[in-house]
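These notes open a run of structures that come right after.
Two complexes, one shared chain (chain A), two partners (chain B, chain C).
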Partner chain A sequence: MAREPRSGRPGLVWAVPALVYFAALALFPMILVVGLSFCSWNGLGDPQWIGLGNWRKLASDPQLGSSLWLSLETGVVTWLVQTAICLPLGVWSAGRQRSRAVVSTMFFVPLLMSSAAIALVFSALLDPNFGLAGLLGPWLGVDDGNFIGSPGLAIWAVMFVITWQFVPFHTLLYQAATRQIPVVLYEAATLDGAGRWRQFFSITVPQLRNSIVTSSVLMLVGSLTYFDIVLLLTSGGPGTATRTLPLHMYLTGFSSFDMGLGSALATLLLIAGTALSLLVVRVTGFRRMASVREGL
Partner chain B sequence: MRRLNLPGGTAAALWLVVVAVPLYYVIGSSLRTQADYLDAGPLAPPSDPVLSNYGTVFASGFGHYLLNNVLVTVAVVAMTLGLAMPAAYAIVRSRSRLVSAGFSVMLMGLAIPAQAAIIPVYLIITRLHLYDTLAAIVLPSVAFGLPMAILVLSSTLRDIPAELYEAMTVDGAGPPRVFTSLVLPLTRPGLITAGIYTALGAWNGFLFPLVLTQSDSQRTLTLGLWNFQGQHGIDVPATMAAVVLSLLPLLGAYLAGRRHLLSGLTAGFGK
Partner chain C sequence: MTRTRSTLRTAVAVAASALALALAACGSPADAGPSMQVWVLQDKALNPVQQKVTDTYNAGKPSVRAAVQPFANDPYKQKLQTAIGSPNAPDVFLNWGGGNLNTYVKAGNVTDLTAALDANPAFKNSFLPSVLDGGKINGRYYGVPMAGVQPVILFFNKDVLAKAGVTAPPATWAAMLAAIDRLKAAGVIPIALAGSQAWTELMWLEYLLERVGGPQVFADIEAGKPGAWSHPAVLTALTMIRDLVDRGAFGTSFGSVGQDSGGADALLAKGKAGMLLMGSWEYAGQLSTAPEFVQNGRLGWAPFPAVEGGKGDAKAVVGNPSNFFSVSAKSAHGPHAISYIEKTVTSPDYVSGLIKIGQVPAVAGLSAQLASGPNASYTTFVYDMVKDAPSFTQSWDQALDPATAQKMLTNLQQVFNKQISPQQFVTAMGT
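The block that comes next holds the complex of A and B.
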């Protein structure tokens, strides 16, 4: 602090409150969770150190493999489907026509809804007796319309709702990025006689490369957080047919009160999240950090 | 784009149906009686609109959840921006290596799911004797919201030309003066963006209220919705009225300041 006035630059002290706060309530818990995975704790009293017990239990947990697979399947399928929808939709909604602006306003309304609200709406819509599912079911080859109650279909219903929830956000990303593509590129391509598809694949897609990467990483990392919507829609059922990894972690910790095993599962989530987030820093943050340095 | 975009237009029309039908369903059925809903089917129009469902929702204590939600959201936004603003200033203007190292760590926190830390957060909150209070929701929400807020604010701050800082320094102004009379006024757009992003996350938060509170008096909207469905599960119209009410404040904000809100949503990822 004492040296500050001379250079007129802020010192470390300006960042200390945020850094300390983040370290105490975000970073420390992430480290603590690894420690807790070596403890036995039922949520009351004090955690007891038991060494590798939880990890052995985890290795023989029959649910783990299926939860991992479900999370992977959900992550990859929703990533592919959402990208296929969001990319053309984002490009379309980037147009400046008034009609497109009006329709786009509608597109983005789901962004405002909480997972809880979305889950309530779709559990009513997916009700086979009184919801829309009963009416649409026969059209889709499911005569009783019971998507949510059948072990093979429930995860697809969940993936549909996840897609419904997150398409607007990624459409918005693509819309913003499309608007930054220089119009000159299209004008030149038109002069050269390139058609619409050619322009889309030779100009739009390459120009959106960074956004495609960012959006993909966000979706894949996001698939580790698909927990609230699943809990509210199916509670992981029927049986364990939709018990994704984060939901398995939550139910183990806060429903079976096996916080130790829950922490071991959370550690797995943490490892997957860190691996993917390193990618995020590379893709989005790295350049920013570089430009911070340029500014000095 | 300049001409008619047929494939894009078709995709948009299809998606419009996928989005509009559920939204119509929420509003439409919230205005119908339960008997009518069970009788005439899910998509029938509210031929004889009633507001009684909204009465049912308010009678179940929704007003109180709404108030709790406002308190939590205001506290989270105020604390997040209060901590993030000076930090962003330091990140852009400080020469300290520790600051940029700290920022790198925070950026990693950006994508790590809060779910992974929920058990230790629960342990910490109970040890602080804050379990089942609104503060229990606020404290971790701020911590996990900080990286994004700092990212947005620092990218706005970077747009302030270095000459302005230098001119103030030549006049003998120290960092506190620079912060209050240069940084704060010029980063207003960034503050709005970061504020909106933080507010939306806090308003719709589910995990922290779920795990860190218990009693009815500390319940927030999202949990209130869930609880309401638990009690009135078969009463779809009343449940949809609850959904509409939880959405209404945000919908108002959306229609009033759509541009700000949308740019707030893509926050750090927009560029």
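The block that comes next holds the complex of A and C.
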């Protein structure tokens, strides 16, 4: 019996460039931020150690609860809406028909635009006097088209733009995953008399389970970093109506120049993001790495 | 507030922190002989003028040459904040005076220029006094004006006002309220307001407080005197603002209108709104986006109306007095840096260069030169307004420390949106 070649797993050395990169540009700044959260610093001079001062300030920060809630709301709503759109759309666009390919290509355009470009386009569209908001507003019960300027509606406008931005990406995930599903499953189901809907719910959705988890983690954890769109569209306004957690962090650190408190917020975000992704992975059983193709 | 608020301004902000870090990593360029760094803002029109006078200065073979380094607007503040106390500090740096400069002064990063100015009275007296005061902190001079003046002005669309039967721009508050009602009846938005950006709303509070209570009320607020926000004039001014909102002076959807995106400018230029309160840079902005509106003489301008019974002088102005040059305390070439400033910012080349690009320099005795230059009627109006002003209060978001300014802008936006009452604003700012 010929000796099997050593299994293809490369040694640790192979990971060194990535590890160095990660350590220098992610880990090291993260440690600095955690350290800075115990200091008072406005960017001038040297940071002063103040122990738990920032964390106490954070505990009594009236904006923190509202920012947390806004981030949570944005995360959950955009996750639900995007999944409801992306899953069927991805499955549909996985079909090999040429018409679908053409429509899909057009649909992926937002993926090519930077967040800044998207935000600028939408601030023009949401202008109540010269944009689409004034025209479409009356149809949606907002006669004067005052979406991003209304404390109640602004966050929904932000969520709409975020959804618009990320739907193509998640659709692409589902499209690719759908194309991986073995055709034999559908052929067998057809022979057994399963209809379109039955096939979708009994074959497609279970087969896409891992993609659903991946996409959900990306969306939920990603929602903690939705920042650029909000900054450019509303700057957290009107008032504090769209001041999500990452924006609160940025404004505290870089507009109020309270780097210590900003770092405490950043640390909080770091913990929240890590906890959230661990939670999703655990709840969905993704960690078991169970195959959806066992027996095929 | 600076003149370089463009559409992309906020877009740039996103990349700002990353860029600031990248810039911080760079050292100064190697050059033959000692040189000093002069930090300015990127400005396509102004930078060549600065380069020209710097070249002239260097041509005089000074022992220390000057090198101009321009930075983009938003990253600049962060870059300066981190560099000024470090060994990479510039020798001469642009700033906005007031609270912005005060932060650096308090940290001991800025050279006191009072003695130098007193030793050179010809230079000191060449500036408009109200503007030169913008570089004064606690009675000492730390900055010298180096750009055009930017008072806030009431702009209007002459056609829209005429159609609504408003024959002259309102000179008093009563006339203002009457004009608002007439414009509303004529079916236009009386006043364009970019309510998605709170600093545009701030201009209303700045002027109303100035007219109602005089300059001392904000001077006390700026100095951080306890209870300064509780001055009755603050509540009066905010109540007047609330009255404007309730009257529909700004329409109903002003909260969605943007200044950077050009939403408010377009309202005025396209005749959908009658008036707009904005910094003097509005003229140049309209000239580039709606040239026919300006060239056909449809754009009008006037001082902010007087408020009957108010303590403030109707000639007082608010806005950005100017940008300033200061010398950093860490500079190894202090005397040379001061000499550079003295030899450039009031030189005939620099002054005529500023006028040529549409700015109104903060230099005395320019009436004739402005009258023969481009856009003479507008530049003369701005110049006279500032020249005759008994006080020039700096934009509050520049004058106050950054954290207070943030809080104030947020609360003010909530007053405009009727989320909080004027009294709640006062209470919130007082704590």
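What we mean here is this: the second predicted complex is superposed on the first by the 256 of 296 C-alpha atoms of A that agree within 3 Å, B and C clash if a C-alpha of one lies under 4 Å from a C-alpha of the other, contacts with A are read in each partner's own complex, and residues count from 1 in each chain.
What we mean here is this: a residue touches a chain if its C-beta (ideal position, glycine included) is under 8 Å from a C-beta of that chain, and two chains touch if they have at least 3 such contacts.
Everything numeric in this text was worked out from a predicted model, so none of it was measured.
Colleague: By the touch definition at the top of the document, which applies to A:Met249: first (chain B), second (chain C), both, or neither?
Modeller: After superposition on chain A, A:Met249 lies in contact with chain B alone.
Colleague: Report for A:Leu27: first if it touches chain B alone, second if chain C alone, otherwise both or neither.
Modeller: first
Colleague: Just checking: does A:Ala189 make contact with chain B only, chain C only, both, or neither of them? Give me first, second, both or neither.
Modeller: neither
Colleague: Contacts for A:Val121 in the overlay, against chain B (first) and chain C (second): which applies, first, second, both or neither?
Modeller: In the superposition, A:Val121 contacts chain B only.
Colleague: In the superposed arrangement, which partner chain does A:Leu276 touch: chain B (first), chain C (second), both, or neither?
Modeller: Only chain B; A:Leu276 stays clear of chain C.
Colleague: Once the two complexes are aligned on chain A, which partner has more residues of chain A within touching range, chain B or chain C?
Modeller: B
Colleague: Considering only touches as defined above, state whether A:Met106 meets chain B (first), chain C (second), both or neither.
Modeller: In the superposed model, A:Met106 contacts chain B only, not chain C.
Colleague: For A:Asp258, using the defined touch cut-off, is the partner it touches chain B, chain C, both, or neither? Pick first, second, both or neither.
Modeller: second
Colleague: Can A:Gly149 be said to touch chain B (first), chain C (second), both, or neither?
Modeller: Once the two structures are laid over each other on A, A:Gly149 reaches chain C alone.
Colleague: Scan A:Gly43 for contacts with chain B and chain C and give back first, second, both or neither.
Modeller: It touches chain B and chain C both.
Colleague: Which chain A residues come up in both lists, the one for chain B and the one for chain C?
Modeller: 43, 115-116, 120, 123-124, 127, 130, 228, 232, 254
Colleague: Over in the complex, which chain A residues touch chain B? Could you list them?
Modeller: 4-5, 7-12, 14-15, 17-19, 21-22, 24-30, 32-33, 36, 41, 43, 47, 85, 88-89, 91-95, 100, 103, 105-117, 120-125, 127, 130-132, 135, 164, 167-169, 172-173, 176-177, 186, 196, 214-215, 217-218, 221, 224-225, 227-228, 232, 246, 249-250, 253-254, 259, 262-263, 266-267, 269-270, 273-274, 276-278, 280-281, 284-285, 288-289, 291-293, 295-296
Colleague: State the interface residues of chain B toward chain A in the complex, per the touch definition above.
Modeller: Counting only chain B, the residues touching chain A are 1-3, 5, 7-9, 11-12, 15-16, 18-23, 25-26, 29, 37-38, 41-43, 83-84, 86-87, 89-96, 98-100, 102-124, 139-140, 142-144, 146-147, 150-151, 154-155, 158, 162, 165-166, 168-169, 172-175, 178-179, 200, 203-207, 210-211, 221-223, 225-226, 229, 236, 239-240, 242-243, 246-247, 250-251, 254, 258, 262, 265-266, 268-270.
Colleague: Which bits of chain A are touching chain C when the two form their complex?
Modeller: Contacts found on chain A: 42-45, 115-116, 119-120, 123-124, 126-130, 133-134, 144-151, 228, 231-232, 234-240, 251, 254-258.
Colleague: Flag every residue of chain C that touches chain A in the complex, lowest number first.
Modeller: Answer in residue numbers: 7-8, 10-11, 13-14, 16-17, 78, 81-82, 84-85, 103-104, 107, 109, 195-198, 251-258, 261, 263, 266-267, 270, 272, 402-403, 406, 410-411, 413-414, 417, 419-420.
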